[in-house]
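Per-chain numbering from 1; labels A, B, C, D, E and F assigned in written order.
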Amino acid sequence: MTKNAPRNQPLSGMVTPRFAGMSTFMRLPHVPIDEACDIDVALIGVPWDGGTTNRPGPRHGPRQMRDQSCMIREYHHALGISPFRLVNCADLGDAPVNPANLMDALERIGGYFEKVKAAGMVPLSAGGDHLVSLPILRALGADEPVGMVHFDAHGDTWDSYFGDNKFTHGTPFRRAIEEGILDPGRTVQIGIRGSLYGPEDKQWALDQGIRVMEIEECVDLGPDAVAAEARRVAGDGATYVSFDIDCLDPAFAPGTGTPEIGGFTSREAQMMVRGLRGLNIIGADVVEVSPPFDPGGGTALAGVTMMFELLCLIAERLADAR
Amino acid sequence: MTKNAPRNQPLSGMVTPRFAGMSTFMRLPHVPIDEACDIDVALIGVPWDGGTTNRPGPRHGPRQMRDQSCMIREYHHALGISPFRLVNCADLGDAPVNPANLMDALERIGGYFEKVKAAGMVPLSAGGDHLVSLPILRALGADEPVGMVHFDAHGDTWDSYFGDNKFTHGTPFRRAIEEGILDPGRTVQIGIRGSLYGPEDKQWALDQGIRVMEIEECVDLGPDAVAAEARRVAGDGATYVSFDIDCLDPAFAPGTGTPEIGGFTSREAQMMVRGLRGLNIIGADVVEVSPPFDPGGGTALAGVTMMFELLCLIAERLADAR
Amino acid sequence: MTKNAPRNQPLSGMVTPRFAGMSTFMRLPHVPIDEACDIDVALIGVPWDGGTTNRPGPRHGPRQMRDQSCMIREYHHALGISPFRLVNCADLGDAPVNPANLMDALERIGGYFEKVKAAGMVPLSAGGDHLVSLPILRALGADEPVGMVHFDAHGDTWDSYFGDNKFTHGTPFRRAIEEGILDPGRTVQIGIRGSLYGPEDKQWALDQGIRVMEIEECVDLGPDAVAAEARRVAGDGATYVSFDIDCLDPAFAPGTGTPEIGGFTSREAQMMVRGLRGLNIIGADVVEVSPPFDPGGGTALAGVTMMFELLCLIAERLADAR
Amino acid sequence: MTKNAPRNQPLSGMVTPRFAGMSTFMRLPHVPIDEACDIDVALIGVPWDGGTTNRPGPRHGPRQMRDQSCMIREYHHALGISPFRLVNCADLGDAPVNPANLMDALERIGGYFEKVKAAGMVPLSAGGDHLVSLPILRALGADEPVGMVHFDAHGDTWDSYFGDNKFTHGTPFRRAIEEGILDPGRTVQIGIRGSLYGPEDKQWALDQGIRVMEIEECVDLGPDAVAAEARRVAGDGATYVSFDIDCLDPAFAPGTGTPEIGGFTSREAQMMVRGLRGLNIIGADVVEVSPPFDPGGGTALAGVTMMFELLCLIAERLADAR
Amino acid sequence: MTKNAPRNQPLSGMVTPRFAGMSTFMRLPHVPIDEACDIDVALIGVPWDGGTTNRPGPRHGPRQMRDQSCMIREYHHALGISPFRLVNCADLGDAPVNPANLMDALERIGGYFEKVKAAGMVPLSAGGDHLVSLPILRALGADEPVGMVHFDAHGDTWDSYFGDNKFTHGTPFRRAIEEGILDPGRTVQIGIRGSLYGPEDKQWALDQGIRVMEIEECVDLGPDAVAAEARRVAGDGATYVSFDIDCLDPAFAPGTGTPEIGGFTSREAQMMVRGLRGLNIIGADVVEVSPPFDPGGGTALAGVTMMFELLCLIAERLADAR
Amino acid sequence: MTKNAPRNQPLSGMVTPRFAGMSTFMRLPHVPIDEACDIDVALIGVPWDGGTTNRPGPRHGPRQMRDQSCMIREYHHALGISPFRLVNCADLGDAPVNPANLMDALERIGGYFEKVKAAGMVPLSAGGDHLVSLPILRALGADEPVGMVHFDAHGDTWDSYFGDNKFTHGTPFRRAIEEGILDPGRTVQIGIRGSLYGPEDKQWALDQGIRVMEIEECVDLGPDAVAAEARRVAGDGATYVSFDIDCLDPAFAPGTGTPEIGGFTSREAQMMVRGLRGLNIIGADVVEVSPPFDPGGGTALAGVTMMFELLCLIAERLADAR
């Protein structure tokens, strides 16, 4: 940790009320990527849902998540971490997308995250649908495959959709494994549930060596043991954390496209994420927040609070590594 | 289980997207009762709330539940059951009702379910308010009284309302016991809670020998033990399962007429229902979903997912019995 | 008009309450295209919004429009027309779509409407976003270009979007004119308004000879004169009517993706459409109803009521032509 | 007008903020009928919707209308009338109802309004569905049939519903004419529209001599001429005014059970009601406000503002008659 | 307990349906303070949110809470207490407030509660934002400092806001301790969580000797042990219970201004409050219900149900003390 | 107009989709006031509602209005004006406020607008409640009183509230006239309606020489004549335009604190504002948009579209004056 506080600090609620001021992630300064220097953690929106097969809307996620993030203060009451005191953070704005061309969108997003990585920033992203994780992983896993802690109701390792469409929000992690950017042996999926097309839906993941923790196992073990298992699977290597908001029960996150009842409470999610403390997180995302299905913004508030939980872990690890 | 798959299969999400196609329960073919043959399990709407004493709306339940049921896929991830592979299912459409005449409505509904029973179909119904269970029980319990596993915040064994009105959604099970179609000694009520008019409200049920499990006891025991107790009470005989959506906490099911805080999570409900595996279920319903109080449909989604849980149990039992 | 009533009649509200029964357009029988014979007018859903560039959702339009259409009765109070007495109508269900592949979706929809046309049915469609009009026109205008009465806030004759994407819900009618399936000289656009990218946005349409009636002119003239002008432009030839729900003011139709204030009241829209009486309408659609932005369904009710207005005109013309 | 101000005055917004205090109609004192003396105009809730055939909810109308009525101040800006200075008003509370027995409910309501009439109070009621007008008319028209100015999208003169159910919210005025309590020759219906079951739906009303002004005629004439025609039809005799909120367009009153697009704006409604100034109004109601379909309360605000418009006319007439 | 039932009884749902009648707390008679005599427990609204720093709205809380309280019946199913049989209760209406002058509002509210105390009534209040607890404590703690059981996501012991503003909904309990009306050594805070401005935010409270139970500790201990600890801290002395609705998770109470995810379920809250049985409660409040953020009223229902839980404890203690 | 386009241009929807990118007014660059140079028109948020007496919320207005303003394109279809081509515009962010101290807030806002004026920028503001117009006028009218075109349901010239509170959103223009910063003889109020406390409410304004056009006169005259009268009253001098969103009917703008039925349509409002073309507008605001009462944002969309209408007039006038 540097002696002086990092340059970028959230706008103080004691000077500018929380409902005032430009809407940025956690009231941080907005620093476009071309002006970014010495940023440690970059908060980035990826407003794109071109991979959505049923109920659309996550393209609007980053805006609502920025709005709700004004509720976040600076210090984590339970972890005792002040991330903005440890590392220099910024809202980098939104990654470039293409709402009319899926393959081009993947290119643009991927290229952008390559720049983020090249600049030495750890990306903490707000989706977008879950397909946005793929181009991010392409950037982060380009040199060697990363491990992943994956919170979700769905495994997202289907092969294709509606014929031969290989790129949807149900397929990113099969693609990532096929492309060699994600290490299935260091990947754990947490909270999987809901009806499936058939038993084969989960077999592929198991065959690759992914550690699949269905919700029933998670409930039996409890949050602490789930987190311990996740740390065991991910090990010490570079690890990505992907948090699909639909891992939460629809009572806690109604604003999403593929809700499945019987999910986590937000408290359980917080406890599991906190249990990842110390993990070597080289990037993370919170995806599938769909504002049209929750105009009041409670889902987005849950999403950005989880981003804050992740930010604390990332900041502490970076500070410790100095 | 027959060698070949049953005739009726849900519309595939890989051919027709889940948001497309006619709205039927779980994307099954709609087969009117007069055309029904070799149907094992009949999914039926009962769009009627003539027994409602406070906030109306469940008459609109079946339509919203059909809409939301397009989210259900074919295979149960935890039970490992593919109900549509085991038995032939269909959406029979809605039972006939009369919104302007309570006694005639009970006649019509009852007569319809007699035909369902005569055709050898197990009915899985979507209400409607809880009074619809009475005419269904009249059909199913005509020969001998059935047992019942009853999930609810309220016992629904009041005697009358507003003078001498004997038929409301608060009285079906007192009537059923009086009529000799429901066996109180094989009946268990799960999740009872909320303020009462007085201590006598629950005494009648206890006097009949109903096993009343208030929410506090359920929480103490946990879902598995609750299910075990329910199986013990119901025994091996023919058993009806009635699932009032208000057994769930209003956070999980706001769209209902008589919400009581402090209820079950949807996960607890799923665990309890799964614990009924093996029970001799000869019919079931999910009632009191009231769309005007939850236009977004989360309550209906919870309701139809519980229908799917029940369908898996029914299908397995039927297949095992062949 | 035939002596006997047409075969298909809406489910009577005196036998099955309007909130009951399977959800079909105007409570008509559902007749899949392969079973359709002697259908005069086919009501069809096109649940697809792959051309949407901003706020998505019209893929869910047909389902909500079917739900709301249960409010429609059989006789038009002002026109004195009973369409279901004049012609045989049916709900054909939804056209096939592909949510993951735009070009394939256009193929599927187009092929379907070719079959509709080949079977001699007049299609009355519920979108979907406005790009669905293109494959419909490809079918209907295959032999010779059709005229069009086009109600909309936007001209939808932009050239491309986001680079070279030629097929969006902002481009269908430029494509249709380029493809020679729409006759610009017999096309009138009614209600155009809202900010534009620049003055050139409307120049292309004018250059093709489209009669563009901006909202200001429409208000000055009044509904009757607008309709008269539309009839003059369309003339006696085969004419398509495309009704984008965003021609209505957002107060009347909030559930749409690109609302523009200052639009028509629903009354003005009804008066203009009624003023088209006698036009040679060979097909029509109501598009851009987006349920996620109006869960209560008021926008869908406006949409299906406009479908009923159009149905009356189509039925009368068909009956007169016999 | 008495020299002193009437006893009952609305709670002042300068002492108790409009969001504070007990919820009564227009912040008037609540005076139960048994304590009522020297009340000139009685504001009364009739929380009952037992006559509703489709979407229920008006039973909740009076409560939401009381809540919204806190927005009403004391002086009519355009008419220049201060009703609470002219006559003594009170919120009498709710009429007794029976939610479980239609015929008993009609008895209770009717009996209550007989007491209101006997006490010399002019009732200004908030429904409830439109069937509540029947028992009110039974009280007010007991001695001789009254005339009526009836704002509505529907004529409500159907004969029966679902077999032989003679008492629904679609039949009150046929019953009232049959019972000789409503004079069809002095009755005018304003704003009628929407699809019908058939042409015969409106014939009965015409045959009785009711003056039916469909919305199209109303629009052609304009509000002033409509009001003049209404005054002409009603003449000098005792006249009831019944305002069904669905006479308004659903954009202005979404919270109702049978919305029909193409209705009046609230401004047109205000202008028509004001045009009734001087009419011998012996009672009035605003019905069919259904809170579950408009939780925000805009419909109820429109309803209570129309009650205030009516109150001004009633108060002025009473004061003039002294 | 007196031989006869207390004078004031809730309106019976068997005579007046729960949706009917004037809106009062728990359907009790409304008794203005100047007419109050022999009232044991006074239910009071405090419609004021002048201390709110972010999202406003609790000024509307009492009205919505009264509306929702019609769902409460008379007998507690688990505690076996009929509070209205034990003590005489009334809805005293709303305390006087001043929406335009903070210091005057505190004066008015404080003065009102002095009268309540002087009349020997135990106040059970519905806020309002949390600053309303301060003037209430000024009345109740005037003679000697009271203890407090405080359910909340936030400690509300900040010093000032936006410069030197000492009176906001984040500061009431620091002021109360400074003023010597609250005994920090007998104060326990339960459910504290959410991000903070810094570690010093909670230090002041600890330094005063407040027992701070963060949500994590509460979850570890479970509701029964939390309640036991609260009873231990509060001891036998006069104790106030303040229940901020945001102690509940936003899934259970979305209608509040400062939601923090990871909160209590309503069931946990009920269990903890019930665990306070026997405590010497001399007043209680439920605050921060903000209707504009939950028009459907689920949050208010949770709030008034907690008021009923508290009422049972207060009534039993008062009856036992006779 | 300069030869080259102004420096600041809105983000193009062809490069960054309208749902993406940082949320600023009309997708303009955010330029803090201390970095502003050569800005002609400054779009400014004033997130403050400390003057609100009934339903709060406009403090959240600027954020929602920025969000919705992404729908605005660059060219006015009817006026033929491209404001961003004529003058250099920027989003200056939010004025400083104080949510906890009314007088300090007025100071801060006033001081900020003095800087805006000193920098030669024309301010176009988004409130906030209507009291924010007062400190803006203090800056703009400091040298000589300005004229005003005031669209509103309420005159906002009350004297005080709740005793002697002189500064509320109902009093700004009485204060402004008393302070000599607003010229009543050059002030016109348009759309005034709704019940009043008494006839004296409007007398003060008339006595000062304000031209009050109640809604009834506006409807009789029509938008063009209203605008002509407004131009006549305001004359050639420096004129402020204040647009209270509640001048619109609640159907068009439900998200506001003091709705009054019978208001303008958005089309009428657009026509009136366009009729002000050529007026010497030295500042303008759109106030009283209250997001909690319209989470969907339709009211905010109406508000920002009116800002665009005003911007076109301001830009043209500035360009002409060069």
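Convention: contacts are C-beta pairs under 8 Å (C-beta built on N, C-alpha and C of every residue); 3 or more make two chains touch, one makes a residue touch a chain.
If you're wondering where the values come from, they're calculated on a predicted model, not measured in any experiment.
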item: Chains in simultaneous contact with chain D and chain F; value: C, E
item: Equivalent of A-C within the choices D-F, A-B or B-D, defined by over half of its residue contact pairs recurring; value: B-D
item: Longest centre-to-centre distance from chain A, chain (CA-based); value: D
item: Computed distance of Cα centres, chain F from chain A, in Å; value: 40
item: Geometric centre distance via CA averages, chain E-chain C, whole Å; value: 56
item: Multi-chain contact sites of chain B, meaning residues that touch two or more partners; value: 17, 19, 53, 55, 59-60, 99, 161-163, 249, 251, 265, 293, 296
item: Pairs of chains, among all present, that meet the touch criterion; value: A-B, A-C, A-E, A-F, B-C, B-D, B-E, C-D, C-F, D-E, D-F, E-F
item: Footprint of chain E on chain A - complex, ascending; value: 13-15, 17-19, 71-78, 80, 82, 249, 251-252, 265-267, 270, 296, 298, 301-302, 305, 308
item: Residues on chain A engaged by chain B in the complex (per definition of touch); value: 53-55, 161-163, 192-199, 201-202, 214-216, 219, 249-251, 254, 258-263, 265, 293
item: Complex contacts: residues of chain D adjacent to chain E; value: 16-17, 19-24, 30, 45, 47-48, 59-60, 62-63, 66-67, 93-94, 96-97, 99, 295-297
item: Touching residues on chain D, where the partner in the complex is chain B; value: 49, 53, 55-57, 59-60, 98-101, 104, 161-163, 165, 168, 292-293
